[in-house]
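Shown below is the structure under consideration.
The letters A, B, C and D name the chains in turn, as written, and every chain counts its residues from 1.
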Amino acid sequence: MQRLNYKMSKDRLEMFSDGVFAIAITLLVLEIKIPKHEELLHAGGLYNYLLHLWPSYLAYVISFFVIGIYWSNHHWMFTFIKKTNHVFNVINIFFLMSVAFMPFTTAIFGDFVNDREYTNAAVTIFCVGFIIPPPLVLIMTLYAGHKHRLVDPHLRTSFLNGLAYKLIASTTLVGIPLALSFHYPVASVCIIGSTLLMFLIPPTPPAYDNDDAEQIDE
Amino acid sequence: MQRLNYKMSKDRLEMFSDGVFAIAITLLVLEIKIPKHEELLHAGGLYNYLLHLWPSYLAYVISFFVIGIYWSNHHWMFTFIKKTNHVFNVINIFFLMSVAFMPFTTAIFGDFVNDREYTNAAVTIFCVGFIIPPPLVLIMTLYAGHKHRLVDPHLRTSFLNGLAYKLIASTTLVGIPLALSFHYPVASVCIIGSTLLMFLIPPTPPAYDNDDAEQIDE
Amino acid sequence: MQRLNYKMSKDRLEMFSDGVFAIAITLLVLEIKIPKHEELLHAGGLYNYLLHLWPSYLAYVISFFVIGIYWSNHHWMFTFIKKTNHVFNVINIFFLMSVAFMPFTTAIFGDFVNDREYTNAAVTIFCVGFIIPPPLVLIMTLYAGHKHRLVDPHLRTSFLNGLAYKLIASTTLVGIPLALSFHYPVASVCIIGSTLLMFLIPPTPPAYDNDDAEQIDE
Amino acid sequence: MQRLNYKMSKDRLEMFSDGVFAIAITLLVLEIKIPKHEELLHAGGLYNYLLHLWPSYLAYVISFFVIGIYWSNHHWMFTFIKKTNHVFNVINIFFLMSVAFMPFTTAIFGDFVNDREYTNAAVTIFCVGFIIPPPLVLIMTLYAGHKHRLVDPHLRTSFLNGLAYKLIASTTLVGIPLALSFHYPVASVCIIGSTLLMFLIPPTPPAYDNDDAEQIDE
């Protein structure tokens, strides 16, 4: 009964988080602007308008992919996080807050990156959107992992430490395009693009003390 | 079979509520306004515009946090509410209605709090958004708890009474910033801010007659 | 295994439908208009603007309640609908289409009902929003119930017939305010209001041939 | 335990996907434009305005139906896809990205198809919206089915091959209205309309090596 209750607790956390991820990711499309009739006259017709929207499409693809990966990693974290409590719920809320903010930063990027005057600011805010979530994931990991508070009791401490280092590294890594964005927005976008490729690498499988459980998650 | 059906019933209530919470919380971001090109000229560029949006960011953080806590508490309530019925579904709908209204009050607050002329009204509506849900949670608690209608049969009546008193107290507490908002909006916002800190305290674990079940929820 | 697969099938149908219900219900708030600065000057300040929005609040409450009840009834139907198939999925999609349309009819109602010139049309479209779902629920019931295709094999045919008659009656009933709306919109709104009170009555518990299962759903 | 973990994994993939489907499908309604007071004067009143919105209603119905069928087919695919991994999650994210894009293409279609000057472009983008998802479903199928990587080990290879051929055929089929749209938009829309009728046909039940499992789904 005790276990069941814990499980359910975690289930609703996952359900709620999945909801927020799913909505944030789908809201991205609302940020691609539907033109008004007047605008089409200046844009040289609908075909032209649609072609010139490419920064919005690019922003859509990048942000969709990033939120998707956050979902996938959240999902993966909950294969070794086994329960939740009030504090962890609160940290998770702040994490979701940072993910749900991305449609805003994406919209600004899509609308203004192609506008010489505002390119820098558009890239800066886009990078800000990407730099907030990693430290919150780090806090989640540290809190859940501290003395195996919420994680599987058999999970290796070395695995948790490795994860923490990776999160610190990735936060720092996103700091580079952010710093560059003020003067070299193009370099910034290139770095973000190549970082995304790293996201294609599957996360390390969690390591457990009892070996036979190790190959559980692919 | 009887039990299973009840459980499922409750499952869909939770699933649906989680959906509404997740959507209401994520819609908040849509209320942060994407500027139009013309507006940026008056705002002194995109960097400036983004910095001057701070009331919207503040509103986003506060409302996201408040809805998140409502979700967490709803979640917590359903560790001792064991089933549902038509009437409870209807009360829950009204509760969700009050939660889903917050993106509106948040948007008004974010857009006008910084505008001397409208500060009072902006804070008033923001407080209205916060004062409607607690009485509805109270009604939910009273209805579910009455003669242990929907709650765990082992749940202590004293626990339910304590919860009811807390909800009455918190409704009254939100009344203070609401009353102040008409003349002292700044004081109002400060009180709301400090009330939020109370939300960080985890809810009391439910008390059951059979002791061994007591430490179930953290 | 066969049973499990069927169950899951139904689970995803419910999950997806709950999602659509939850989103449609929460999107309603987006239809309450956030004023622009210029509009407030004509409206006589923010307090006045917010007070004059009452038709939008009313529309929000009515539509939230109606969608909520549809959710609750859908939930209730799936206590005796035990499985699904492709055709039923398709009918359910059309039903959800009609539910997800309500934010549009609600927005039109909220924006124009208070505008003498457009009151009739605003009420007409609001009624149209309410008249489309019942026939689709009827089709769902008839399809699922035909020779106990998808419902519990012990469900009484008399119960299914009773349900069908009720749905025909309620479709007809919503037809009255729709017909009246072209000339007597006020009467229309009053009838809709009173019909809503009927929604507070819990649905009849499903009747099964084996008596002991009868008191399952409250 | 190993199995359980896999199952859960798949559960969250389905939950998340259902969320995205449900949101994308419900967002469609936001693309039907609420008129402003000024616009009604040119439109000849609210009744007239609402009648002239028919292309938006049509776009709503078509896109709702298409996304609904994608949901239903996704649901059906997961009766024989038994687990997931990081790569499959990523492919699924790209698939969802293409589905969540449809509210945009639908909005453009609804707003401009009735506008002689822009009809072609409106139909083209609408077709683009429909042609991106099928190849991604194909990739999902091929990846999951390769050496029975993620599918039921008893699933017949011939069934998987048949599915792949169908997906190639349907991608090609959507290519025709896309190609025609540049010059013959009306023909394009007619072809899309008739293709939709094919969607009413239930998908073939998956074929397993052990015969008794064959009649599981419908």
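Note that in this section a residue touches a chain if its C-beta (ideal position, glycine included) is under 8 Å from a C-beta of that chain, and two chains touch if they have at least 3 such contacts.
Computed from a predicted structure; not experimentally measured.
Colleague: Can you name the chain that lies farthest from chain D, using the mean of each chain's Cα atoms as its centre?
Modeller: Ranked by distance of C-alpha centres from chain D, the top chain is B.
Colleague: Could the interface between the copies chain A and chain D be described as same, meaning over half of its residue numbers are common to both, or is it different?
Modeller: At the contact between chain A and chain D, which are copies of one sequence, the residues are largely different (under half shared).
Colleague: Just the number, please: Cα centre separation of chain A and chain C in whole Å.
Modeller: Taking the average C-alpha coordinate of chain A and of chain C, the gap between them is 35 Å.
Colleague: Between chain C and chain D, what is the gap in Å from one C-alpha centre to the other?
Modeller: 25
Colleague: Touching two or more other chains, which residues of chain B qualify?
Modeller: Residue numbers touching two or more other chains: 15, 19, 22-23, 27, 30.
Colleague: Give every residue of chain A touching chain B within the complex, in rising order.
Modeller: Chain A reaches chain B through residues 1-2, 5-6, 8-9, 12-13, 15-16, 19-20, 22-24, 27, 30-31, 85-87, 89-90, 93-94, 96-97, 100-101, 103-104, 107-108, 111-112, 115, 117-118, 120-122, 124-125.
Colleague: Which residues, counting only chain A, touch chain D once they are in their complex?
Modeller: These residues of chain A touch chain D: 14-15, 18-19, 21-23, 25-30, 32, 34, 37, 40, 45-47, 50, 60-61, 64-65, 68-69, 71-72, 75-76, 78-79, 200, 202-203, 213, 215-218.
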